[in-house]
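When the chains are written out, they are named A, B, C, D and E in that same order, and each has its own residue count from 1.
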Amino acid sequence: MTTTTTTAGGVKVVKPTVASHINDYWGRVRGGDLGSLPAVLGLIVLCLIFGVARDTFFGALNFANLFSQGAQYIFIAMGLVFVLLLGEIDLSAGFASGVCGAIMAILLTNHGWDWYTALPAAMLTGIVIGFVLGFLVAKFGIPSFVVTLAAFLAFQGILLKLLGGGKNISITDSFVLKLANSNLSVALSWAFAIIAVVAFALVQLNTVRTRAARGLVTDPMGIVLMRIGALAIIILVATAILTQERSINPVINSVKGVPIVAPIIAFFLIVWTFVLGKTTYGRHLYAVGGNTEAARRAGIPVDRIRISVFVIGSFMASIGGILAVSRANSVDPNTGGSNILLYSVGAAVIGGTSLFGGKGKAINAVVGGAVITVIDNGMGLMGYTAGTKYIVTGLILLIAASVDALARRRAASTGNR
Amino acid sequence: MAATPLLEISGIDKSFGPVQVLHDVSLSVYPGEVTALVGDNGAGKSTLVKCISGIYTIDSGTVTFDGNQVAIHSPRDASALGIEVVYQDLALCDNLDIVQNMFLGREKKRGIVLDEPTMEQMAGDTLASLSVRTVKSLRQLVASLSGGQRQTVAIAKAVLWNSRVVILDEPTAALGVAQTAQVLELVRRLADQGLGVVLISHNMNDVFAVSDRIAALYLGRMAAQVKTTDVTHSQIVELITAGRSGNIGLPPEKPSDFGGEIVDITPGGDK
Amino acid sequence: ACGDDSSSDSGSTGSDSSAKGKVGVILPDTKSSQRWGTDDPKFLKAAFDAAGIQVDIQNAQGDKTQFQTIADGMISSGVKVLMIVNLDSGTGKAVLDKAKAAGIATIDYDRLTLNGGADYYVSFDNVKVGELQGQGLVDCLTANKAVKPVVAELNGSPTDNNATLFAQGYNSVLDPKYADGTFVKGPNQDVPDWDNAQAGTIFEQMLTSNKNIKGVLAANDGLGNAAISILKKNKLNGQVPVTGQDATVQGLQNILAGDQCMTVYKAIKKEADAASELAIAIASGKKPTTATGTTTDPESKKEVPSVLLVPQAITKENVKDVIADGFVTKDAICTADFAKACTAAGIS
Amino acid sequence: MTTTTTTAGGVKVVKPTVASHINDYWGRVRGGDLGSLPAVLGLIVLCLIFGVARDTFFGALNFANLFSQGAQYIFIAMGLVFVLLLGEIDLSAGFASGVCGAIMAILLTNHGWDWYTALPAAMLTGIVIGFVLGFLVAKFGIPSFVVTLAAFLAFQGILLKLLGGGKNISITDSFVLKLANSNLSVALSWAFAIIAVVAFALVQLNTVRTRAARGLVTDPMGIVLMRIGALAIIILVATAILTQERSINPVINSVKGVPIVAPIIAFFLIVWTFVLGKTTYGRHLYAVGGNTEAARRAGIPVDRIRISVFVIGSFMASIGGILAVSRANSVDPNTGGSNILLYSVGAAVIGGTSLFGGKGKAINAVVGGAVITVIDNGMGLMGYTAGTKYIVTGLILLIAASVDALARRRAASTGNR
Amino acid sequence: MAATPLLEISGIDKSFGPVQVLHDVSLSVYPGEVTALVGDNGAGKSTLVKCISGIYTIDSGTVTFDGNQVAIHSPRDASALGIEVVYQDLALCDNLDIVQNMFLGREKKRGIVLDEPTMEQMAGDTLASLSVRTVKSLRQLVASLSGGQRQTVAIAKAVLWNSRVVILDEPTAALGVAQTAQVLELVRRLADQGLGVVLISHNMNDVFAVSDRIAALYLGRMAAQVKTTDVTHSQIVELITAGRSGNIGLPPEKPSDFGGEIVDITPGGDK
């Protein structure tokens, strides 16, 4: 079964083949090390349910809708992944996104700022908010639940005050409006898709090369190629669908291309995946979340890390807020309110992030956010009354989560947690 | 081997995902005897104990207790049979105090009310018999105990009950000189009372001092189970480190036998 | 009353306030309409200040428990008149009962507390509001010469009784049209909490599953704007008429831009003035004379002395009326983006 | 310093004196073992702030108001303490209380049931809800955040459906109405107060006697008497205040006596304190919350315990719902909605319950609930506009929490966590 | 005592709330020597170590490093001075793998990117030198390691760095025979390289095998610090269990000295 034997730092190792690798993977899956597989399974089940119930669900138009509908959840959830990684919580993320969105809208509309100054101002607001929250948690030692509950209330008030006690403020800046509502041109869509695939392939192949050059075990080339192929198929098929004409009224105007939010999501997904997986900072996050005391003993500046996650959390919330305002063409006192927060935390958790810290990835927010968005989107097509809608949404959420839980559960019973 | 074993396990396999940790392991525990279970770090001793006590489900193999084949699915089943275990990872509740931990799962009651005075008294007696002298209060939280104090609490917890088999996984690792002597004496006393005792230890002096039989695990395989009087110190060390010694132990190693498993380093790239 | 000499300084500017009773006002929330956060407090406070009456205006933020807690506080701080906009009739009644037990005069403001037995009632007719919205949509669709248009309805919060009243109003206009086949009944959804973001998703999905939607009955301007933003995204704005309510700046601007067909203007100042006039009279120990009408409580069948005001439908043609009324300023509406539309609409 | 030496189970012990006991306590306080002291301090600070700002705050009427205003938070929080003790969360507790309240109201009003059948029906509903939630969490292994998020949505829908799509249902049953709105007679008030004090004294003295008889260390008699005296003063003073006339208009009607909710709160506080502190079940709860694996190894039926806490949580929510409906004289689709849930979790956490399990007491819910209620009550007297009120509420909450946090923080820096 | 101590602590007091754990403790660590710190369970050894490494703040006392008085407020300060510690409670992150744990806080980078290949190679080398043979993969999570494997990782983590003082708190407690020998050899090698080494152990054979000096703690007081060659096995055991032996150790015990503290059992009723 084993073929070549190389040495890595004095410890004997076996060079895996494609067959042994697949075997290994299957062993891990049976052993409970499932990664995001169950969440993806849950997502597929959901899509099938809705697709069978309403045939518009699988249309290009509806597929494109998903991106802007899910953007706010996904961005807030991505920020929350960092907060949850430390076992903290940020209840104020929803209204923080509202406040940041409102600041942008006010600067644009009431003060006539340009988008390239108003947008950074909104993001800066997010960063400041996060810093204050993090400081209170890290330096005063107040539980984050209480700090952010207080902030949840305070931001709601600030939002009301900013909007002069409940007014809606419209935005007309075309750049900002485009963010959530427009699409890349077809050419640009393809360009992005191809760049993404090529970049992924290069990174993968480069890793193999570097490791091989150092005499370390590498994934067999077959597996690497398979991985590249799978990603290429997903991205290219999605691009193909999204570059079709999907206008409701094609005579009047044409709507096609990848929604602009898609590359924005992809950008942050790549950045945060890189930060969490490949940088010292990311490593330290996991360490503090897994065992704060061990991290402290290893000389990691725990307080600073703790502050930083709230900064990232609120910063991502500000991005979510900007996109929410763009999508609504306006900001109102409830922007970032209602279920936004619970749904965002839910997205992170469904995607596989632990509420107890130490476990989570940026992709969790995207997968979980997709689950939440698909539920919302699908339910919107069903045309239920309010009461029924709530009940069915709850049940559907439960179904999606139990596909995941049951898969893991079965695996856990083998003793491997 | 005239006496029938009290606890007998045979053919146990256990894998964690792709990694097989125990291969066809058999072990017999006799009443009135101390069986020492030895083996290198990572040989699978603790895993074997956890399989016996129902913490892990076994992949295949049988457990026979008192002549009857039994299925142990959870620690409850094990303690119902009278199997008591001191785990290497002590498994104490840091948020409870010493008395609360010692009686966990088997609290004394008067009516529906916990009988704290009785438990406190019994806990005090047991600890005193184990040479504990530096505990400030029986109501101290376990979180604030020193390493050795924690270990003593875990041992005291396991010997409070009328059990038939006691398994101790490296019970003296963190103990001081006096406490170690006390625990070894306790182990001997338990066996003399007719219990089956399994003692896991890396200290060969202790093993030879108290054990009647020695079972040696090597890389998840049972290399040998022998009478203590039949072997020498160095033979056991050889069994531990090489899996065989002279004519006892595993058959000579064929490269393909273990090679694949020991050294299979999962590539770092695919995490 | 024992609260007269209290140190309370909430809004009292009158010199002789100690001689008169204090008035408590509880507003419901800040989500169902911008008026509760902005307009009512402003107008009420102005009116009471002018009369030199101490007033305590609070908002329950949509929370019933809060609503009662505020009422408890006002009662224990010794108000002489309690004016409430109930969140629901149950809590409303609980509060009114408690106030009456303490000998406090009560006014139902804008919303009638069913079986509550308030002393007075001041309001717009909410069913009438709905009727104006329904009629507005019919007019716009007719003007568009739409043939068998599919009409989507974005109702207000399912937990808000007023939303039910609005729906009752516009459905009384639309249902006959559906019945005789002039219009086609399209999707119909409630928007929880009047939440604009959810309204956007809800409407987007309506449009995805029913691409022929040709008219939108949105229960207020916020929901209307949510629908308009989705229409814009699909470049359908202006072709699909959308209704609204409250004559907000945003709604009026949408009307001027041609994206919204109409809104309903409720002269909030008039309503606030009418209510404060009543309260001031009672607090000064006089018998109010303005409550000339009556409303029948549909549950208790009792006649409640009332002041009833009439809502007004606003389209591009009469946006200027709202400005003339002082409800919004020209500066707020006619920003650079809308200057041309303002001129076109005759706003100078 | 030490006087008598007795023996307890072979271990030598020293019999503490009053002086050494106080010394010890002070040592513990300085060492960070603060119990509920900081939360109580926070509460006192709050009362002072509001008392200075508004003199009506300290009136008998306002004091009496606090009980029914806080009841729903306190009951839900008491149930949540159990859920949080295991490191789980119940996001659906708010709407569960609404659903139970609605069931009661419907049975009373629409089906003409009597209070003595409708009330148990509501509580049973709570128990069933809790069982289902607990079952899904314990047996399927779905994270409780997700299960209860789904339930949060579903219950909202059920509530809407029960109430026929947004209507509200009034109740007229005088017994139920009295629960939250009436008072005990003055005689009964005093009787309850005196019984409570005497019972406490007897329990305390009996404990000392039993332990002394077994030769175990006991608290010095002086300390025990002090403790009894302190409780007696608090209860008797409160009773004295509450039995004063507090009607605004005494001519029309007289209002005096302890509000009926007070003994209901006291009843559950005593029951749950007993269950947590003196029974096997309570002990096992702490064990599972502190170290699930250790509890499992000790033979504790972890799954059953996990289900049970959700049952208790939803049962207490049903009590909260019944009182909320009683207070509002009616039920509407938002009963148990808005901030009820966050405030209740906040109450438990502020009172000292950990979100990570293993730490919490029934009294935490009462102290934390009191903090939340006082803030709500005090803010109601201040007459702020909506925006300002949110902001100030957030800040006040933060102040109350930081009194607590700073006290603990200073203590923690001595190394004792 | 001709050489100047590399690390010198004196007059250290440490209390946890009402309980005083260290009383006026002094200790000197010399470069090139192994100082064994011994004491009964709960004597305060681990507490002393944590005070030195900045995990606990000391109540009073001074720490002198290389002749300069220093203030160590956090583990960062300690490692900045070149003090490396293997804690008894190992303090590993269960959610990270072996390599990640070993380089925690001091990751190798290329630019801003973690240099995984280099770290993996260095980790492999270090582990191999500690006789680790049963680790399945360097990318295995620490949570799935056996007790001895975890301890080896903790030791390997501490010796990877160029430090000046290495403190090991019962490093061999969970180790097998071969691994223990390897670690003791390592300890000796570190001292021979000129480092100051502090070794805490309950195993007198090990202590006498590698140490140059022995410091004995008794109930939170330093009973004696002596040259290993000056004392016998049984003298040290007496120091550990009684605090004095012949003319070395603490002054004869007056009942009031310790009585109050050791035996003060907080009453269970007031929790």
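Just so it is clear, a contact is a pair of C-beta atoms (placed from the backbone, for glycine too) under 8 Å apart; a residue touches a chain by one contact, two chains touch by 3 or more.
All figures in this text were calculated on a predicted structure; none of them were measured in a lab.
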item	value
Chain whose average C-alpha position is farthest from chain B's own	C
Between the pairs A-E and C-D, the one where more C-beta pairs touch	C-D
Distance between chain centroids, defined by C-alpha means - chain B, chain D (Å)	44
CA centroid of chain A to CA centroid of chain D, Å	37
Mean-CA-position distance for chain C and chain B (Å)	74
For chain B, residues contacting two or more additional chains	16, 19, 55, 120, 132, 135, 138, 144, 262, 264-268
In chain D, residues with contacts to at least two other chains	8, 11, 160, 165-166, 211, 216, 385-387, 389-390, 416
Per-residue overlap in chain C, given as positions that touch at least 2 other chains	30, 36-37, 41, 158
Chain B partner contacts - residues on chain D that touch it in the complex	8-11, 210-211, 214, 216, 278-280, 283-284, 286-287, 289-291, 293-301, 358-359, 416
Sites on chain B touched by chain E in the complex	16, 19, 39-43, 45-47, 88-89, 97, 99, 116, 120, 132-140, 144-149, 152, 170, 173-180, 202-204, 219, 237, 240-241, 261-262, 264-268, 271
Chain A to chain C touching residues, read off their complex	54, 56, 59, 61-62, 65, 69, 72, 109, 160, 164-170, 172, 177, 181-182, 247-249, 252-253, 255, 324, 327-330, 332-335, 337-340, 376-377, 379-381, 383, 385-387, 389
Interfacial residue positions of chain E with respect to chain A in the complex	53, 55, 74-76, 79, 85, 87, 91-96, 100, 104-107, 109, 112-114, 117-118, 120-125, 127-129, 132, 135, 138, 144
Chain C to chain A touching residues, read off their complex	30-31, 33-38, 41, 158, 187-190, 192-198, 200-202, 204-209, 211, 221-222, 225-226, 228-229, 232-236, 239, 248-250, 253-254, 335, 337
